[in-house]
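Down below is the structure, laid out as structure tokens.
By letter and in written order, the chains are A, B, C and D; residue numbering begins at 1 in each of them.
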């Protein structure tokens, strides 16, 4: 073997071994201390060694150099010794601060961490909110993805506990069928973990999460307390009720305190796009909507653009995957064109998604029109934002701005950015961002900017819904390091006037 | 232009002009005399000049020479002068008989026809059964194709009259939507003709056929007589009821005398495969099933094989297009595997179609097993008959036998045969045979024979249903020439290999 | 049967019988006199009785009343008595002029026609250009559709004669395979007519058109004169050469006088969009491009909009069916993203189609940007024109304008208009317009207008190519009536909003 | 939270923590000792904590109880202390032997292991074969999956080293495109790990494996030694040469010692189906074929059936996903029917896969016929084996037999078994078995048995190819425990007469 090839492989094996060593440490911090670790927004909890190395490699997007696992491993090891309280710690940012701190020169990592994390040191288990009961009312495509995501967070002592799903009974083998649909998915692949059916207790046990299956057709008639559930947030995935009156039926059930609708809400309901207006959720808001997948994809990008450039007006065209609301082959459907075969056709559909942006971003009220065309793909969609801005820009400037925001901006979990000449829709299956800007496709002509935003209309939206849930239940932990590293704002600064 | 190319074109133009001249004559015979004209099973009524030439060309399959339109045009013209009564006249067979008759030598076509058609000459309009009222209960994919076929036969004074469809009301614009689904189809293309909505009378007018749209959810509660409908045959396309008890609800409605189910019937219901056991329909049978599309595809071929070779046992594997009974993307479904995305998967499904063959062909009882796999095509399926025969054969012998049966056998409208190295499933969209044998794919090893049978599971089946309807209402006219040409009759015999 | 249903049916039968009677007359006018008859752009030649009735019904779009076939039949019959010379006669417009003429009151149809058509009366066969030899170089999807369209016009004594196709030999059964691909198509259905293989002469005979199959890989080396072909127009469908230098190889072959490229041309080549700039083709232009399908779909609509409203700037987003240029499943491809599975993905692709509009419409130079997204449908695409106009308009006004232009404007063969709440992409398979505006989808906000334009990217484009061919060969006949009906002519004016 | 739900979750968290602790141990054994650990055939190397728990749960299929990670963790920990030499250790089987051993009563795990593994204790690094250079000639769908699998095994000091891929250069950005195709796949998802392009060295670095990209069109002209490659096995994925003569070109290149063709070989080439006849590969066999995907799916099941029941004769019908050998939309193709649109059609194709079974299983020579139908899915196929056996059986007996063989038989890596009422084709994407029997679909009538065998025609086949490669290079390690546990053979023994 030539030296070069050997060196590459040995280096990889070393790093792999260090990443493996990190796994039990990350797990312990999560389970014992409620500490979520990550690297520039990429979670490390429950990840494989290879995923951990990919996250280290991703850090070069921000720092212009790969983050060495040989330096983060000691840091993570040190964290496990501090009896930390609940928190969310960005290893990359913490490492960056350490490198530029005075302690680095003396190699005194311990002192650095004791200063930096003073507030949570020695506070394991202190002041932890009890986990919050979650009920999924309706178990269709969004319901099942929410279950997958929420179950994946159950090892933390705090947070969301998926306690029950509520469906109409579909036959003698209903329970097995619901479990099977959670276990296997034609688009998102197999469930990561094990799904068991507990026929006796009428429950599904998913990676240790015991999920009661409740059969009901009247939301108000369910007694959740009979199943040990209380103060629950009911997530309504049925779309059957969209306004306060209909959804308040859930509040009349015993054991429910709040309702989250996973569809655009009507009337006075707050439509929340996490990252944009989730701060508006007040203690008094018992019923909230998480808006639509398309509104979630558009709004964060629109906010970035409006804040930085000003949107005079614009139009959003969505090329959308088909959904189960359409027919397989032509047949009656109450909606226009939706009765025609979804598998064979482009289908024009009106959408309120663009107008709904204004519910989260009132400044854009009346400024965006929108339309959609459904096409024969099962998941992942594209929103094309055609915007007239208040000032001129260029493709390069705009892309630099969006890329930087996707890495370090306040909406970095909502807006991702990609720069690849070969990506297509299926590559985005399973992505958790609300939208991913395809930088190579960006078009700018003076004040007119056209942005191409991919989104997993199923999974990305579900991730946004879970963020709203975590916010509603105060289960989102404090983030460290608290201050965003200063060196980033300036790094490409000159070119980014409006940031 | 070289002589050869010129000659081809001039010859075509001549024939085109003659075919055009034939059109009004064929139309007049149909409308004024209730005479259906055809060429070896290819109908000439309502066809374009090019279709008429194609039918003439098809005749070479039987006669080993193209039928000259220059000879059939005078024949058809002569027919229009005879004041004929209702009948079905095969122009090719009539012409063949004339050529070999004594009259041919003297060119006395008129005398020939007067002898041959003596029974119906001068009997225009005599003894015509009144047209029979048909109601389509359910207007899904099969319902709409039945409507297309039945409307296409309305110009004849006798026969089927589509009087009403019965559906559940689907909203304010229900009528426009039903009309639109009849007008445009993603698989079968546009309706041939014009569809108008008569909002005032709550009706659809399709090529002059006035079709009342009745909204109902209880079959027994409909009063058809209020719409001038009486003694009707109700065709149930809903699949909601499959046994005598359920279907007899239709008989309790005012104006209904018989019921035809377009799905496999349960219990004692007769399952009719037209061509195989339609003679079993008795005057006392008020409720009848037309079996399933797959049973219709298999049974005629199985009958031919069993009659000629004896089927010891066998298995039928069906590769079937998806149907609206499946889901577009994974979701709950009471049937096994049918909940999984039809557009993305091969889906194994049990089917009773092979067993149901025995209902029409009792000799095969217990001899055929079957299974099906649904695949992502919207229409046209393939039944693979894997048969252990009672005696050995060869691929050539078997194919010759099936080809000949498809041209001249008693099941020639049910069993078609094709010999093309390039055909694929979409080529069979819109075919009216119950099944089409793909001869090139046939496999024979001694007594084991494997036959590949294409079928348009929507349109071919609908054509079979209409044949049952015509039989039930005695609207199928007498056929001329009465005797099958002698040289063909013998071909069914032991001598087949020599043909 | 109730009176109403009976009346509808009898009326239909009457009209059907009259339409049938018209067929031989229309055919005779076409073949003997080179007279093409039509109704507001809908050709009547080679149509079925039902098609003829549909064309009469279509007339109500212009005249607000269905055109009675009882009145057009005598008119067509009268035309057959006038020994007419080559011309294109719009029966509906001629009838409209007759109704308002002085002759109508006296019922003197003959005198009216003699005045109206004086120039061509008694001139059958006079001054007819000889038919022009056409060669299809390349026989892919566009090549085969061109063959279908050109063969369908061969009965006329003048016009285009498809004489040969040139391909690389693909094996021993090449000829049979080429014929089979012409005979059956998974998207466009079977060929209307009969296809025969003439193995001896290495030719395909399609409805009487004798098409030599020439095997070659060097365009310049073919000697067309050896096959009796001379002064031919070679239509290059290979896309292998896009500039003058490459395409001029065809001119070096014996028997070729002109070349038409069915792809966007490079360099100084004229890019012709029929209807917009075909008048620019000069006698000196030996090589011409027919631009791309998308440019053909966009440009006529853009011209209408620019002429009536002024286009300040805009963007065209195309949602496009996949083409054989893409891969079935992921594999290497020299183009960006085009290697990724076309059947499974939305695929962003750059397109020059919007910029190419300026080649036909120089006023729009620099004003339109464009991009495309390929989706998993096999045919029919949608161009979304997002335009900033020079003046404000409303959805109603704009739709009225476009609808009227589609019926009576100079681009009525290029721009069609549809107003249906249920149409989807497959409904447009086989349409001959360059683009069809979906009026219900139109969005207007002040000066911003968004238009949704469907187009059959295969068939509609091929129809445009044939129009260019007819223009290049002077085979397009004189149209009658010569003057557009007065009430329509005014509708293009300033007064439009009031229409 | 109710006691029950809490208990489930706590138990899960405990097990998760133990599985995490096992990861660095498993990694160390692999990297430092070349010890591959697994559980009943499920590899543990490079797996996440959840995968490890799933493997433990899978053990209940064999042992009727879940394998407790609390017991395997100490066992794995003990293994890391023994300085083991290269071996493959089944943790579940080792644990089962320990439980029933004398040492278990005294808890003396260490003594047990020292006895059981005596041969390899203290032999770390001893007698290790050097890793073997592998070259992928052709980098299409199979080539890229082979790369993914081989790269995933690189951390072991022994084994396969992917050193180069050979392709024709496809343009300036060829390298980036090849890397991108390895990184993202529309069917199999993203590469697990990181792919880097080393432009300077013209190489792709995948998880530390340095892969030279060599451009060539003549196999014999490549000098692999110039890239430090020697004694290489060239895997030919192009399908361009299928016989000894063609493939021997690779042997004329410098640095190559053997050739493996990933397609059915012609002439005298040995067609190897791993598990069935790989023992036939002799030192003298320089060129070998790994047969086709379908032959690999059929042959192991056929061998099991023939050994246990005797196959008199049979037919294999394959419902196959489309492949890049077909066309996206209709166009010329030298193969019959393959030119027709793969995305829209069922396409009958002849296949030699059933006949090729006899090359690996000569006893079946002349006994199996076969045919295939391609359908619009991108991956995963189904082989339907319709067999006439030598003796009668029942569905239950047959399924029990196949299930047991899939768990413990000598072909357990080739033949898997599933018993789910909801599985469909996409569920099998990424499976490594050559075929998976769908037990619920099995049909048995006396001596006739019909088996439904799923297979990932891309990935499952690639896994079989890698098994052949490992066998050819002697890189498959010794397995422990050496003796299959006796308690399994008897466990359901009474019911399995023929085993």
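Heads up, the rule we're going with is that a contact is a pair of C-beta atoms (placed from the backbone, for glycine too) under 8 Å apart; a residue touches a chain by one contact, two chains touch by 3 or more.
In this text, all values refer to a predicted model and were calculated from it rather than measured experimentally.
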**Item:** Farthest chain (mean CA position) relative to subunit B
**Value:** A
**Message:** Centroid from C-alpha atoms only, then distance subunit A to subunit B, rounded to Å. What do you get?
**Reply:** 55
**Fill in**
Cα centre of subunit A to Cα centre of subunit D, whole Å, reads 35
**Asked** CA centre of subunit B versus CA centre of subunit D: separation in Å?
**Response** 49
**Request:** At least two other chains touched by the same residue of subunit C: list those residues.
**Result:** 177, 181, 184, 186, 339-341, 344-345, 376, 421-424, 426
**Prompt:** What pattern do the touching chains form: line, ring, star, complete or other?
**Reply:** complete
**In the complex, subunit B residues that touch subunit C** = 1-2, 4-5, 8-13, 16-17, 20-21, 23-24, 27-28, 31, 46-50, 53-54, 57, 131, 154-155, 161, 163, 173, 176-177, 180-181, 184, 186, 189-190, 192-194, 201, 205, 207-210, 227-228, 420-424, 426-427, 429
**Item:** Residue ranges of subunit C in contact with subunit A within the complex
**Value:** 313, 315, 317, 319, 336-337, 339-341, 344-348, 369, 371, 373, 375-377, 380-382, 384, 386, 388, 421-426, 438, 441, 443, 445, 448, 450, 452
**In the complex with subunit B, residue positions of subunit A that touch it** = 139-141, 167, 170-171, 177-178, 181, 184-187, 322-324, 326-334, 339-345, 376, 378-379
